Structure formats: structure tokens, C-alpha cells
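You will see chain A twice below: alongside chain B first, and alongside chain C after that.
Up next, the complex of A and B:
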């Protein structure tokens, strides 16, 4: 991992810490009486705050996870070196696209 | 000394747990986003999926995922502290504490669902 990727990895980790704490709290809160689509969507639909929160979350996690996956591909997988960066970028883009789609699904009215 | 002797070190095991938990979360994330994306087709589709997740085996899998999330977060916090502050001592103890705390969080999550 070069310095630029190291800084992005650790920077997104720092950003993700408070987001994850809130996410864990929401998981405990939302599941205490069983998850329901109505409860989830009542909380998120039309909410700019949740859209911003999950937007930052998806952006940070797409970067963080793709750099982590890149390291694993480089160190553990018999993948040609020239394939490592494209595979990691593709994974990051997949997470970003699916994440934005998920946010749109739960936030848009 | 064997070339693999370092693999019995608590901090090597902590690094392995950090990597494996990150890998597990990375594999889970696309499915998590796809599940939430079901709401695009309407509340009923998401609700149907959520009722499927009521199965005990799915609940146990969710508990494992909460444990992975907690251990990766707390292990990552230890790494950030180690790299950015002059705090070098007691790292094996801190790593073990992170794993224990994650196990407690996962157990509390499991208990909260029943």
C-alpha cells in the first residue's frame, strides 16, 4: 500500500468510527421489537439528515473497503499484479452504486 | 525459531481477526445494499424479505455480522491509537479487550432479539 492509499484508508476509518457507533445504536434500536419495513421507511423516507448520513457512510465505506480488498487481493490471491487495482476499483464502484441505490430506496418518498 | 513462530503472537492473531472480519463485512455489504434496495419496488417487498430474516439461522448470522462489525471497529480504533499516539504498551491486552467487547456486543444484540 502506498502513502496515498494509507492516508485514505486511515482517514476513512476515522470518519467511519462515529458513523458506525450511530449505526450500531440504530441496529439495536430498530431490532429491539423486530425489524419492519414500515418502521424503517417511516424513519428514513423524506429525511435529508438520514440521506446525508448514509451518503457519507456509503462514500467512506466504498473507499475503505476497496483499499482493504486491494490489500487482500495483492497478498492472498494468485491474481496478476496488474489486475489488483482494477479489481479493487471495480469493487469500490460496485459498493458505491449499490449503496446509493439502497439510500434512494429508503430515503426517496 | 520457526518462521511461523510469530503466528502464535496475540497481536498477529488480532491482525488476522481484523483482516478476516473486514473481508467478511466486504462480502456482506453488497447483499446488505441489495436487501435495502428492495424498497425501490415498494414497502411490501422489503417487508417480505424482513419476515424471511426472522428465521433463527438468519438471526444467528446477523449476530455474527454485528460481532464482525464491532471487532473490526474496535480493532481499527486500536490501530488508529497505536499509529497516531505515543501509546505502545499493553497492545495485546487492548486487542483482547476489543475482541471481548465485540463478543459482548454481539451477545447483547442476540439477547435483544428474543
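Up next, the complex of A and C:
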């Protein structure tokens, strides 16, 4: 960990805090109101706002989590030092791909 | 309380074993007294390190019943209520022999953290007046009493997991100098402690402040370094 990674990790944490709270609020709203899958899709399909909101969410999580995983790999895993950065980047990309796939599934018309 | 202490001491280098000794119990006996008794009366080949015996020099730190401690100021009655002592060399450092750990990497990391005063004036300049109650002096005071005993280094999880980590003592020293208004080496120091293995590697487990015999708080010093280096990095004054 160095200051550049530290800023990225803390910066994305700061960004994630309100996004996460809103995400939880959305979950509570959807379950309390008893929204069906069709109801939810009706709200999200074609919505630029939801795409942007979860797009930023996924990007921030991918960066934040891969920096954390990088430290775990470096300190706890018997991985050669040169493999740590590629493995952490791969993990971040995997999160990004899974996240974007999930967003595409609910916002694309 | 038993009249004798059952003492296990680490014998050997990295490969070695604990050997048992019986040491008479004395009033106001310190752990260092126990080790000295063994060396003077039971086995003169026992190696250990000490100098001042009064908690000033930082030479005699060892692992006592699983915790790193300064042995000259640790009373047996406080740590061995059952009359048993297990004493080994400091953790997280190579063992030279018996209870003497190799402190080289510890001090090399002090230099790595730029823990050396960089004067801003020469001997021909008048001595700078630093008011004891000024804010920078109070900030420097907080971390200044370190005796380099290595207890924090031995207690630190991050040191154990990350061989590049500079460690709490070196970073604590760097923070003292960051707050020293007479020092002129901060740009270089910030770059050193903001790199890989620097202050941002700290997980804030706070073992250093838990074990520091002088009750210093290196975790707070490291948190200060994290803040200051983040500021200078965002201003573009250092590159990691």
C-alpha cells in the first residue's frame, strides 16, 4: 500500500458511503412495498439515472475491493510478489464485469 | 508464592529450544535480574543484551510470557504470578543467539523512514528559539520519548506479514521530525513514508501503543503521517 492506493481506497469509500445507504434504502423500499420483478424492471429499464447510479457504484466497488484484496494477497497468501498486482487487477475486473452485467440486465430496454 | 521461579529461556539461534532453569525468587526482582542470575550462576554461555538497567537505553527488550517487554523495568511479580517465566528473543527479528535479536533491520528501517534530523540551519546561525508551549513543539513532544527498544516492532502484526513495512518505531520517529520546525527534510521524508511499505501499510491494530513501555502511541503518529502525506500527494509535492 502506498499513498496513491490509499487515496483511491479512501476516496472510493467516501463515495460508497452515500451510495450504499441509498442502495439499502432501495432494497427496503422494494421489499416493504412488495414490488414484483416486473414492477422493478418497469422502473429501471431504459433509466439513465439508475444506470448511472449503479454504474458509479460498481466502478467504486471494483476499485475499492481490489485494493483491499491486493493487501490480503500480499500479506496472507503464499503468492509470489510479482503476481499480487495482476491478481488484484483481475479481481477488480471480475467485479466490474459481474456488476456491469447485472446493471445491463435491469436497465437495458 | 513459590520460593523459586521456573524459568524457560530460548537457547540457540533461529533453530533452538527452550531450556528450563530454577532461579531463586527475590523481592522487587525484575525479569532482567532473572536472566542475569542464570548467566552469572547457572550457564555463563547465555547471551542477552542490556545496558542501563533503568529503562533508558532500550537494549533489554525480550518476549516475556508471550508479550514483548522491556525486561529491566518489568517486575517478575507483575508477569509471573504462578512463578513461571518463559523468555525468548524479540519476535519479528532474526535471532543472533539465545535472547539477543538482530536489530539491524529495525535500525535500517529508521533510516529508510528518514528518521534522521535534517538541519535547516548551520552552526553559525543563532540557536532557534522554540517555545515549549507552542503548538508544533507540543505535537513533536507526543512521540519524542521513544528509546528504540523494538517492543512495538515485535508486537506489530503488519511487520510480521509485510517484510517491507517500516514499522511503528521508524514511522513514529518520522512523525516527530515532521513536527519539528527546525527540520528541513520533510519532502524527502514524506516521499519515503508514502511509498510501498510506508505508513499506509499500517492496519491500525494498535499493538504498538498497547505494548509500548513508555505509553507512546505510534498508531496516532502513523495516522498523522497518513493525513499529511495524503495532503502533500494531492498537492503534487510527492510521487509514490
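Just so we're on the same page, the second predicted complex is superposed on the first by the 105 of 109 C-alpha atoms of A that agree within 3 Å, B and C clash if a C-alpha of one lies under 4 Å from a C-alpha of the other, contacts with A are read in each partner's own complex, and residues count from 1 in each chain.
Here is the rule we go by: a contact is a pair of C-beta atoms (placed from the backbone, for glycine too) under 8 Å apart; a residue touches a chain by one contact, two chains touch by 3 or more.
Just so it is clear, the structure is predicted and the values come from calculations on it, not from any experiment.
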{"item": "Which superposed partner A:32 touches (first chain B, second chain C, both, neither)", "value": "first"}
{"item": "Touched partner set for A:2, first chain B, second chain C, both or neither", "value": "second"}
{"item": "Which superposed partner A:41 touches (first chain B, second chain C, both, neither)", "value": "first"}
{"item": "Contacts of A:74 with chain B and chain C, given as first, second, both or neither", "value": "second"}
{"item": "More chain A residues in contact [chain B versus chain C]", "value": "B"}
{"item": "Chain B and chain C contact sites that coincide on chain A, given as residue numbers", "value": "10"}
{"item": "Of all residues in chain A, those that touch chain B in their complex", "value": "10, 13-14, 16-17, 20-21, 23-24, 27-28, 31-32, 34-38, 40-41, 61, 65, 68-69, 72, 91, 94-95, 98-99, 101-102, 104-106"}
{"item": "Chain A residues touching chain C - in the complex, by the definition given at the top", "value": "1-7, 10, 71, 74-76"}
{"item": "Touching residues on chain B, where the partner in the complex is chain A", "value": "19, 22-23, 25-26, 29-30, 32-40, 43-44, 46-47, 50, 53-54, 66, 69-70, 73, 76-77, 79-80, 83, 105, 108-109, 112-113"}
{"item": "Chain C - residues contacting chain A, complex", "value": "158, 161-162, 194-196, 198, 200-201, 226, 229-230, 233-234, 238, 240"}
